Structure formats: C-alpha cells, structure tokens
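There are two complexes below, and they share chain A, which is joined by chain B in the first and by chain C in the second.
Showing the complex of A and B:
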C-alpha cells in the first residue's frame, strides 16, 4: 500500500510545488488516517476543515491528505505538507504522535496540532475530546437494552483512549445490569470495513445483542442492521442507520476548536496548549437517542448527560477497583486526568486481557 | 475462556463469505498472470466493481444486475490497463499501480451520495433437502449465488487452463510470448482478453464486499483486499486449487481469530491478529516446494517486432 501512497503524494507534490509560493493566506493542513467519506472519525475532522473554510473565507486556504498510514509514511506526508507552506497542521490520529513531534522539530515556524496524543513541544499542541463521557451514556443504554447480557465491543488499538472507552462503557453498563458481560475484539485498524463487519458478525454470532465500536467506518452498523441487534454511532452521528440499529451516537465536533486555533495563528497568539474538552464545551455531542430506546431509559441517559455537562458527575467516580482487584478510586473519589490519559488497565469485572 | 460460545457452523459459514471476495479477485489475477501479464491494479478494479455494483444494485433494486455491472466496471478499468500495457507498451508495474490509484479516486467520485444507503439484499439460495441438512446445510448449501459462482469458477479456471486447447495457448503466451507469436497466436489479443477477465473477476469480488459481506458503500472499503489477492496468486504458485485453499485459509483464520478473541482465548491478541497472514503464507510456501514457478514471460512487454 505504501508504494502507491508514495506515488500518490509524489504526484500531489508535483502539482502543488508551483503554488507553494509565499502569500498572505493562512494555510491550514490536515492529515487524515482514513478517507473523508468514512462516515465516522475522518469525516468529522473534514467537517471541521470545511467549517474553517467557511468561517474564514478567502483569508484561509486548507489542504488535506487522506488515508495516510500511521508510521514512517506519516512523517513524509506531514513533512510534505509543511514544505508546501502550511502554517498550521492538524494531524488527526494517535499514531501520528512521534511523526508530528519529529517533523515539528524541523519546522519551528510551523504550528502543529496533534489529536489524541500526549507529546507536546513549543510548536506542538495536543487536543482531544473526552469521548469517555459519551461512552458512559452508551454503556448505560447498552446495559439497559441488552437481553442476552452480552455486549460486543470492536476495539482498534490498545491505546489509552480506547481502553478508557471500554472502561467507561463497562462501568455504566454494569451499574444498571450486574449480569452484563463485555466481549472485546481488537482489530488493529482504524479503518477496514470488511474486517470491522466480520468483527461485528463474530460478536453477534457469540451472543452479543449490542455492538459498540471504536473504529471509523459504518461497516459494523450495517452488520448490526443485518443481524437485528443495536449499535451506536461512533465519532459521527451515523444517523443514516437510525432508528435501528443505531440508537444513539457520540459525535465529535471539532469545528469550533479548528476555527479558534486557526484564528490564533492569524492573530499570532498561538501557543502550545493541551486541550481535552467534553460534553460541556460541545466537543463531544450525544446524537439523538432514537425511539427504539424506551422513554424511561432515554430520560435517564439524558439526565446523566446533563450531570456530566454540569460537572456534577464524573464517569470515573469511585469506588472502583482495577481488574486485578486492587483499589483504584475510593468512594466518591474522581479519577485525575493524568491517570485517565495514560490508562493502561481494565476496571474490575472485565474478563479479557489488554494486549501489550 | 469460553470456546463453547463459538458456533462452528456459523463460523464455517462466515469463513466462506469472508473468503469469496479475495477468491474471485485472485482467480482473475491468476488467469492474467498465466497469460504473462502482471496487473497490480487489482485493488483499483475491486473498488470500482464495489461501487459500480452497489450503485446499480441500489438503482435497479436487483443485486444480480449489480453484480453484472460490477463485472463490467472492473473490466472497463482493466481495459484501460490493457490499452496502456498491450497497445501503448507502457510499463506494467507502473500502469498497475496507477490503475489502483485511479480506481480508488474514481470510486470515491462515483460513490458520492451512496453512503449510508442499504443495498437490496442478495438472496441466499435454498436448495431443497441439502439446505436442511444439519451442519452441512448452513455451511455449504445456504449461500448466495456468488459463492457458488466463485467455486464453479475455480473448477472452470482449473479445467480450462489444464485440460483445454484454449488454456494451453494462454499458458504458452504466458511462458514464451515470442514462441507463441511465431506459432501464429495473437499474443496481444489473448492477453487483452485475459486482462478483461481479470478485471471482471476483481469487480465481482469488490461487489461481493459492498453488496453481501459488509453490505454498504464506504470510500476505500476494500482496504487492501486487492493486495491480498495479488499475494495469494504468487503464494498459490499460479494454481487455481491452491488459490481456493489460500483464500479459505486466509478468510477462515481471519474469522476464526476474531471469534477466538471474542471468546476470550488466552492467546495474545497480537499473535491472533497476525495469524491469517502467517499461516496462509506458511502453508502455501511449504506446498510450493514442488517445482512451481512463475510464468516465464510474466511482466514482460511484448511487441511483434521483438
């Protein structure tokens, strides 16, 4: 695959080399892990990019490259974008972390923004959303809705963000349904529709009647629809699968952040920051809960959303033990962001092991 | 660990579904390569077939018409490759890679507006008596037409290549195009036909993804299946039977490892994840210890003046 990508970007580079001359426009670049039409993660980042274009009009020019593999090839793609004269580059997947830091050290005048990572530099900010707040609400609905008490979870890579999501969903499913069991499949990809569909089918074959996904395409929705089980939209509303199988969703709304950061570059006020916003500032949105969910459960879910938004409730509130039974949070204690950002353990009750 | 939660019948049935797309694409590429042409554009032809089949199936309401459109779409893209490499004598590797890029872009363009649409269901064929057999019924006799077509194609390709005059000529062209030409065979025409057949098969494989296995349209949804099919042809030593074995192994272990994960088997997930690739390659490499080799003219450009 990488050879084709190299050729693709070589063609792009040839085409764009001529336009890389200095100009007044602020140039904002985006590196995507999947195609913009994935219907999930990358789609929402691209919506953010379009919002930047609309907000600033002629003052800003945006460029993007889609389906950039995580790893060595990412460094080349980011370098390319910096060479094309981008003033601000958003790298929108966890696996771009080291590549972003490496390229940033070579282009001190270019500002970089890395999504979902934890490494910063003078010209590298990190930003992410507290998806786990949405996962808690999904877990609640899932725990109430499951009849087989088996919930299937399609996980991508064993990184803190994904583990946090599994924990948040499990804690809240378990709270309302003590018999609930989570089956987790790691597919080791963000975007591979056939594999995502196969994973969903395997989970359904093994008795799961609720499918949660942490991958980017809508393939698991199609598999859930075919099998007649329920699912949740991931990263994007995936409303085309409502009211069934998709009963609700987590929507990532990056537009306000992208506009604010672009404005900061235009104003010259850009500084390296760490942003981690949740439901309250609107970075995480909960997609409409469909009528397939009974009104009472819907009301509970919305009440939880309000409590999280107002800061009265934190999805990781003790008493909580780690998987091996060691105490993690005491009664009423709330998890600190440091632990959450580096989360590498399951909470008590989850049976599988996290791949190392 | 709870192996009892794995239903072997369902597992075997999904194995067949999971392996059909790469089986179709690999069979087509096998014929192309046996004719001495290396077409690296399988991924591009697959995804073009995926969207052509999807769009036409949605618009006509008939998956059958969709599959025909997919075959035509894949063949149309292959025709481009044939013109470039056989008539304009362009480099096959570069043309194939370009075809993949072109196919990915073209399909994204054609697919605008088809996201989130549900395709008409492809009916499973009920075979009296056979479909009702315990275990065997659901595993072998309750699939859609394309599964049987793919299996019939394996037999046909094997038969034509090894037992007919047409197959002999095709292999002759692939082994020594100079000699075939001297004997009066139309090397270019035979190769173009093989390339078109390969494109049609890749298109069918792609449409099987978008109409049956996933079933939906998403940009880039083949996600490397075409490359797997290409590798499969090589590891299967250009033999139809081994392509089938390889496709089943790969599809089967892919599905099995997901099921093992869901069942919580105490094998590290990393090993499970790499197992489809490792085991398929291992088995086929061991099998190719006999004197199998690539067609001698594979990838070489032919011009009658040579």
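Showing the complex of A and C:
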C-alpha cells in the first residue's frame, strides 16, 4: 500500500513538473469514445474543442485522442495526457468514470471533467445535458407524424440516460396519439454503423415509419431514407439528411461549457461541480424542423420548446404511472433529478421490457 | 528478371531476419504515410518506437508495456500450440471473456469477505471458464467433425452477448445506480490482481505469461506432447502412424489455449480493467493471433512479438494525442506490420534469383 503511495507521489511530482513546463499555455485534453468523424456524439465534443481553440487562440493548446476503449486503455490514455502536461481533461463517455477517478487521484493539480457520470472528487467535475427535453419535442413530432402508429427506437445501453430518453419521447408521442406503440431495439453500442443500420431496417420491417435513435452514427438516417420513413438527428444536426428523412434533431452544444470551464482553469477559479443543463442555457439545441413537418405541428413543437426553456413545463410532469401500473407522479407533480438520474423503469404504456 | 526458387528447407537465417525486415519496411512505408498526412515522419516513428521506452515518461510507459503485452503473450502461447498442430482456434476472444466472467463471478460471490484463498480460486475459475469455452469447438469437432474455425469464432459472439447480460444483470454492481458494470475489483483487496512490486506493472498475469513462455519452450523441445503437436502439423499421416490420437490432440490443444485465454481474461478483469462491463473485451484474443504468427509460433518469438505489438499500441496512442495523428492512421500502421511480415515471409521459403531470359 505504501509503495503504491510512493509511486503515486512520484508520478504526481513529475506531473507537476510537466505542468510547470507548459505554464504559459493552458493545455486542455479530450478523450473521445468514437472517431471525431462519427457525425454524432464525438463529433459534437470535438466541435466544442475547436470552439475552445478558436475562443482562446494562442493562450490554449488542445490535444485529443479518439476511439479510446473504456477500461484499462482509457486509464492509460488519460494518464498520458496528464503526464504530458494537460491542465484540464474532458473524458467524454460514461465508461471512463472509474478511470477518470483513478487518474485524478494521482494528479491532484490537474482538473478533470467527466461527461454523463456521477462520481466526483476535489478535482473531478461531472457534466451532462438534459437530452430528455429534446426527446419530449421529438416524441411530440413523432406521435403526430406517424401513420402506422409504430415508432422504432434504436437504443444503445439500458442505462438511465437512455431509458429517460425513451420515456420522454413515449410520454409526448402518446399525449398526441393514444394509439402509438414503441418498438425498442438494444444494440449495445454507441457507434457501430452496420449494427445501427440493421436495427433501423428491422424496425422498419416491423412497421415503424418513424425512427428515433440513441446511437451516434448517421447509418440509421441512411436506412430511413432508403425506406422512405422519417428520422431525427442524434447528438449532431445530421443536416445532410434534411428535409427527409431527418425532420429535426437534438444537438449537443458543448462549446459554451468547455469555454467556461477552460476560462475557470485559466483564472484559477475552477471548482468541482455537477452540471446538468438543458435547452435553456443552450446545451441542448433543437435542430431546424424541416418543411416535411406541417406548419401547425412545427408551431406546437416550438411552443413546447419555449415552455421547457422558460421552465414553465417539465417533460416529466404527472399524472404518470410506472410500467407496472404503480403511481409515480401525481397530477401536476414534477420528477426530481435524483429519480431521473437513476431512472431504471419504463412509464406506463410501454410494452417492451428493459433488458436485465 | 527476378525468379523465385523454392528452398529445399526454410532458411533459418531468414526466419530470424524477416520479422525485423518487416518492422523496418513498416517504419519506412508508415513514415511515408505520416509524411503524407503532414506530420514529421521521423518524429512520429520516434514517438511510437522510442519514447515509450526511453522518453521522458518511460517510467510510466515501460510498466504499461508489460500490462498490455501480458494478455497478448498468454493467449498467443496457447494459440501457438494449436496452430502448430493445424488446429485453428480463432475464438480466443470468447474464451478470454468467459475466463473473465468466471473469475470475476467467483470473486464477486465472496464479496465483501476478505480471505487469502479468494484470488487463487478466481485463477482456477478463470482457467476453467476459458477451458470450457475452448472445449465446445473441440468436442464438436471430434464428435461431429464440425469446423473449429467457424465454431470457435461464432462462440465469440455468444460470449459477448453473455458478457452484456452479466454486466446488466447478475454481476451488476448493486451500488451502481442502475448503470451496467460490476463492482470494481480494484477496490476489493482479496480479489484485486494488484501489482506485485508497485510501479513495475508486474501483476500476476505478467508472471503467468512468462511461465507460459517457459512452459511452452520446454514442451516443444523436451516433451512428447510438443513432438506430437509438431508432427501432427507437419505430417498428419505420419503422426497417426506414430500413435498420435488426433481427437485427443484436438481436445488438448483447444482446451489448453482456451484455459490460457481464460486466465488472461481473469487477470485483466481483476487487475488493469477492474470490472466486468459490456465493452470489457478490446480485441486481445484477435490481436494475439497476429502475435502468434509474428512470433513464428515460437515461444520466445511470441514473447518479443507481444512486446513489440504492445509498443506500437502505446506509442501509437502517444502519437495520436501528441502529434494529432488520426486513430485510423495508427491502426493502418499496425496492419502494415502483419502485411509486410507475410509479404517478406516469401524470403524464408524461397530464394530470389536474377535470371537472364533464356535464348531459344
């Protein structure tokens, strides 16, 4: 145990030396789970990185590593960035959580920001976006647009984040179309174009005429285009598929957050925080609703967006029951963040089961 | 014009030289690739091959080389047994997963009990898990004559599904807020495959890999089984006359390679990786096939090849983040290594001859 500690402090000392060398420039590192050209999740994080470079110019240097597997390799990649003198490191996938915490304990003077996780430390912040706000608007449009009343959903992993998205979309599709039915396929990946395309095709074969995706590639868009059904861009605008099949999108805009946190490191005012922002501060954006959507539906969707942004409407507002019929939220009651962050149940009406 | 002339026997000299030649050609062509991407090729090659070993932060990367190479070597040694005998286990990745699941499962079953016997039990369970998964293609082959290449490969996907199922269900961390993934074994001392000497990267998996190298070396030079394996690979008919039971040999080779892959998975999950998760496997089982061939199916060769591949992985990562090289370029660089090895292999079995066209 003591030997480990000696090593840790040796590493730490060298880390400090490394930081000192690069003291004129603030070095910001990014660890990506996919390739920067995925057109979705990682692409948007990289846009955030580029925005940091643009905003600070010569004062900041950024480095990144793409397609880093979660696990032992991630720990090495993060360590190597810290060793090379990074002052602030963003680890942009849930699976980097324990690795980020491990490395952070060895480099107390480097700041870490972990996306979508829940473990913090003195030098580790977490941040995520309230994507479910965008999902609610998607659900509304999807419920109005579907003719077969079957909506296909390509889900990645059965984690609260994804389940929350399915619930939010379902609640709002159901509200405008009581006959709507959701079919969910779990692909167990964030980025695997062939698998995502297969899932989209399978859903379309089962009668879905609207495809929602919680994976990062544009492959489902291409499949939807071929089959003549509609889809929504995920993480990134995916505007190259507009006006059809892509009728709108949820865009993750990390740039303001990344710039603010980098500024905090430069100013020395950085503190460990937990951020969960939505449409209001602009972390979640709704991509332009295309002309394929009738003007009336478009106006409703935008009105909902404004209500969410102003805080007048919360997408999880009672009365809502859980899937098994037990009451969850009473009339007018709003879900608390704790329940939302740990959401492991479907709402009433969803027929599928969450994989166990 | 150049003509190829078959050597009566593979050249011993070229057997040793071709891997090095392949590395040199890879450096040259890879350097050209990096230059085409607008990076300084000398700096890129230095970052990949030199810095992890002798650069400023070598104190961190050298141990990491062992951590990365150990599972590759352990699996490749097992595969080489079968490959030499003409038994093609392509599913080491699946056996690796099953070893990890069995090992971690046993460890987690004891949680939070602290006892010295837990880790040895996990080691046994890991080996058994991999062994059992390797025996499936073995038994199907010997009983029904199925193709072990296809069956072992298919079982990788079965194992991946089982891994996802376990990470989401039975082995899921009850304190993990519903997120997939088991408890972190690094935080459970009795089950943690910690470094034996801190800062060296040497955990029990590294020790096991070295033991496997020595064991395989003795097996091939001194032991009857090693002789039978070689004979079965080179002359199957002669092997049968010499009393080699092909069914038994198939089972032994697939079982042993499965057990070693299972051990690798178990040491990985209890040490560097820490937890069972959906994305736990990162392709060691497949990369080990490259390691086995790069090392000429020879135990010492595999040891060196495993270290070399680990170097390109770690150096490649550094080149990515320090020089901004795209990940795809690094993967291409690694692919070139195998490609050129196979290409220059021709020199081992053939002689190059200049021939003037014969006048008729």
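Here is the rule we go by: the second predicted complex is superposed on the first by the 333 of 356 C-alpha atoms of A that agree within 3 Å, B and C clash if a C-alpha of one lies under 4 Å from a C-alpha of the other, contacts with A are read in each partner's own complex, and residues count from 1 in each chain.
Following the convention adopted for this analysis, a contact is a pair of C-beta atoms (placed from the backbone, for glycine too) under 8 Å apart; a residue touches a chain by one contact, two chains touch by 3 or more.
From a predicted model like this one, the values you see are computed outputs, not experimental measurements.
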Q: Quick one: on chain A, after the overlay, do chain B and chain C clash, or do they fit? Just give me the call.
A: clash
Q.
Tell me the contact category for A:67 with respect to chain B and chain C: first, second, both or neither.
A. both
Q. After lining up the shared chain so the two structures overlap, which partner does A:310 touch, if you call chain B first and chain C second: first, second, both or neither?
A. neither
Q. Regarding the shared-chain residue A:355, is it in contact with chain B (first), chain C (second), both, or neither?
A. both
(Q) A:273 in the overlay: touching chain B, chain C, both, or neither? Say first, second, both or neither. (A) neither
Q: Name the contact category of A:77: first (chain B only), second (chain C only), both, or neither.
A: second
Q. With the two structures laid over each other on chain A, which partner does A:198 touch: chain B (first), chain C (second), both, or neither?
A. first
Q. First (chain B), second (chain C), both or neither: which does A:344 touch?
A. second
(Q) One more residue to check, A:105. First (chain B), second (chain C), both or neither? (A) neither
Q.
On the A-aligned overlay, A:226 touches which partner chain: chain B = first, chain C = second, or both, or neither?
A. first
Q) chain B clashes with which stretch of chain C: 149-157, 185-193, 221-229 or 311-319? A) 149-157
Q: Show which residues of chain A both chain B and chain C reach, each in its own complex.
A: 3-4, 7, 35, 67, 158, 188, 355-356
Q: Show which residues of chain B lie in contact with chain A when the two form their complex.
A: 5-7, 10-11, 14, 18, 21, 97-98, 100-101, 108, 111-112, 115-118, 209, 213-216, 218-225, 227, 254-255, 258-259, 261-264, 266, 268-270, 273
Q | Contact set on chain A toward chain B in their complex | A | 1, 3-4, 7-8, 34-39, 67, 152, 158, 183-189, 191-195, 197-199, 201-203, 205-208, 217-219, 221-223, 225-226, 238-241, 351-353, 355-356
Q. In their complex, what parts of chain C are in touch with chain A?
A. 57, 59-61, 64, 67, 164-165, 168-169, 177-181, 184, 186, 195, 197-199, 268, 272-275, 277-280, 282, 314, 317-318, 320-322, 324, 326-328
(Q) Quick check: in the complex, which residue numbers of chain A touch chain C? (A) 3-4, 6-7, 10-11, 14, 29, 35, 63-67, 69-73, 75-77, 79-81, 83-84, 94-95, 98, 102, 118, 157-160, 188, 341-344, 355-356
